[in-house]
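As written, the chains take the letters A, B, C, D, E, F, G and H, and residue 1 is the first residue of each chain.
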């Protein structure tokens, strides 16, 4: 299955957002997820299943002025 | 007959733009006339007759930076 | 007897520095006395007797930057 | 014979200032000569003979601000 | 009495008028030290895509509870991107404060004033407390007022340059003519410059680079905080005008014969 | 750690680098309040002939014990008068500190550098700790070193003008090239200017008029004291250089698609 | 060789880089004298409603043939009014040059940048050669380029203040980064300031108040013209950078024993 | 009318108020070109020991007849050496003009004011027309007047630094309070700075490094000459003061309905 993650195309197995992040080694603290241009709250991550052609933005807060 | 000249209401006798300006003592050199929001060229001044409720702007170039 | 006090000539009766200052209403706290171009310490004021033509400078500390 | 020229000791044969300068390749235009702390005018150069231990300053005008 | 000189912005109150930023610290562990030393009560953060190749460090974990977060929209090149980033930041649980930063020029990082105004309008309507980062420009500042901004944040000099109050005269005009709080942001490189901004009547100063890139950021944070307080105190204690000729501080009356 | 940054002059040590003056206070009772608020550890006084017609107030009685007195020679028009006033001050029990001030011009109150040098030579030999007030002038400052001065006190601007560091570049040269402590004296009108002097590396600042003629001298004294400390702290914490172009404080990497 | 340093704007070429204005002359008869003395090749005029109560003097009759007229849109409070005034000026036979001036604030007379941009877009499409008067603002200046402006006219300081290049650093950024000619307009009070603008690389300077309100406007016009030419010449002759320490102009080798 | 604005110094009169120097030209052949382009009427030269190893070039041969020579005493470290060099220069047939330069510090090349005063006294008595190069210092300048100096030459910034009028405020005080002509010497790097000195009321400006080290010294000489003339002309034509708020140059009366 092909999805776009942070602007880059990626092939993944079917999974939820939570599973995807865990795979990537992200526990999720301080991480924000935009799923098809909508914010998905943390409590929804285990529920939302990624689909073919989905667009995922995984963001975090960093230092800035 | 009532017209608006430079934002002020004025009562005048029927006349052309040229006659109106002559009455006001303006020979017209360096004067610009906007008649009902359209510029009227100098050569048309003797032709255009003022009508009730007309709006006339009589402008001239002045010092400015 | 004629002496010069702070640049001004003055006629006084014979007396000591201490008596002169007391007459002027100065208790002396914070006052410095130069007598004929020499500093006279406070403890000497009751001893030094003013003489004709003496020069006395009576100074004090004031605000300054 | 030993003289000091511009602060440096130098051994020369007996000669006049003019001869000394010519030897050095200086025609003398724009050159100033101080001989034993006195200026020697150009017309005196052929007359003044250098002596043992003399002090000679040969100067010229240069660029400066 | 000092306690009464509070800065009110968007329903919040601040006692410390130095705002700070989290960018460019050699180590994030310096951030809480700097915050403690300076006493700063609000600090900026940015949002970025996670780089899966390297470990993600959560900047928020370095910011003590009491300090307010001011997320910025850095990275936005137009009003739409700024709005999107602001919404993400809010959804992320960071509250409804937002510093709008719309930048197209990568050399001087100067903000696009009109795009910032448009983003301000949109976000203020959505309930954000909006801090627009702008070129100092009085007509624009008045439009920001009408658009619902909570403050105006004019730059003193381009970001990170340490050149100070290069736009001094335009900022003075803002201070004199705007009802909104004026927070001088960007370019402030030395505590004396921050103090000067406060003496001019600015309401607060935001400093990031000059603190985070100092050899000792905690000490520098404290220095800026003291300078900001000093400038504010002097503003309130009313300084005298400059005089062309000298005015003696010691008496000049005749002395000694 | 802060406690270790002491200023040593003439065998004394100071922790507060703001020196103050007693001139031009609306009421002398403000002096101890200002000293308490600012924490200043040395203050100037002047000597004048008593005016028998009015009541003499002893300025010294307003200065708390721990604060050092620095009598000045104001009123002196040449080195001889300066020396005479210095001796009187010492005899009066004020200690052996002296600020030499030799002034002939009554409009700008600018000091006579050479007369000040001559007075410094004489008084240093007599055991005084000499603080010469001078025009900022490197060759003269070196001669003051040789003459035994304890510090050099260059003016930032004419006395009482509040115009700040007009002589900035010449003071910077003094700081860079003198072994003696540099105390910027005169003309400093705002805390930001005092902070700037300290950031440049000055050792201390002396402020009188700007504090005493403020609407609230105690608050202004505190403001100056904080600004001086802030400038000093920034100097020690090492500020970065100015940059011509911008240096991002937020990451500029691509963001959002 | 000098003759080759021409300034090209909107299809015109100028040899003199000082532009002037007709405002505030004590007597209009001074205008042609000033133009002759200065050699200025373009001058601004304004349009106003005729006051029938007083005699109308035609300012155009005071401007010699060879000098280009640059009508401004002063009085406009938004882009629509600016466009309307521009059209009137063109219809009046004044050519297709227009200086856009949109001002809403009557205290500092600062231009509304965005409204000016909108008017520029409209008028450039109608064939005008547009000179927009703006706050110095790089992102806006780039939009003006795209909108078809012939030049950018940033202000140095508010109109008529004589305060010079207060916005220096923002103007330098414009000069460095814009393809359009930069004409510094407003606030220039002294010839030295005009020269400095040219040394920085500005393409031209527009001066009105400082000339027309001088005691001798013709002499002042000439002074500005010479200063502008001097600054331009120095820019082309390539000045050296500043140096921190001294660089001897006379040889420092040993001299005399 | 212009012809009447002559500068009188030591019995001489000058129409051009730019003085120049011969130091640091890449080729001496550029000197006469620069003099022709600038119209400068007085130029400095230095004296040095002949280096027998290399060919001696006579700098005087590059200076056209009508231009006055102003030898300097560069290399002198005290008043005695300055006096000796002055005498040599006069004996060499260079006339009785002398610029006194006494320098001990090799990093900033700052003059020793008191030694310069002593040399001025001696040389003025010997009939020299003395131009002392000094730190700007009003009390010293008054002593130079008494000592018989023909002018006072305060530095704007250290020699060769191109940093301009760093000592502006002290020079303004000299101009206001000295009877002697004030010639700003050293540090002037750009024509705008020279113009500013003249606008302030300086009588002349001496520029060497900024001209001789430009890429095109002749053009730069001309640029400085024009700027000096422009500044002088503006000074005579009486500029207006700065204003805090704007002063319209176009009428602000209502316009269009």
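Please note the rule applied: a residue touches a chain if its C-beta (ideal position, glycine included) is under 8 Å from a C-beta of that chain, and two chains touch if they have at least 3 such contacts.
Here the structure is a predicted model, which is why all the values come from computation and not from measurement.
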Chain labels contacting chain D and also chain F: H
Whole-Å gap separating chain A and chain E, where each centre is the average of the chain's CA atoms: 33
Rounded Å distance between chain D and chain E, as computed from the means of their C-alpha atoms: 72
Of all residues in chain F, the ones touching two or more other chains: 21, 23-24, 44, 46-49, 72, 74, 107-108, 110, 158-160, 163, 208-209, 212, 248-251, 254, 256
For chain C, residues that touch 2 or more chains besides their own: 7, 57, 62-65
Which chain pairs touch, all of them: A-E, A-F, B-G, B-H, C-E, C-F, D-G, D-H, E-F, E-G, F-H, G-H
Residues of chain F that touch chain A when the two form their complex: 248-251, 254, 256-257
Residue ranges of chain E in contact with chain G within the complex: 104-105, 107-108, 110-114, 117, 135, 137-140, 142, 157-158, 163, 166-170, 173, 177
Complex contact set, residues of chain B against chain H: 4, 7, 55, 57, 62-65
Sites on chain H touched by chain G in the complex: 21, 23-24, 46-49, 72, 74-76, 81, 84-85, 101, 106-110, 158-163, 189-193, 195-196, 199, 208-210, 212-217, 219-220, 222-227, 229-231, 233-234, 236-256
Residues of chain A that touch chain E when the two form their complex: 6-7, 24-26, 29-32, 34, 39, 41, 57-65
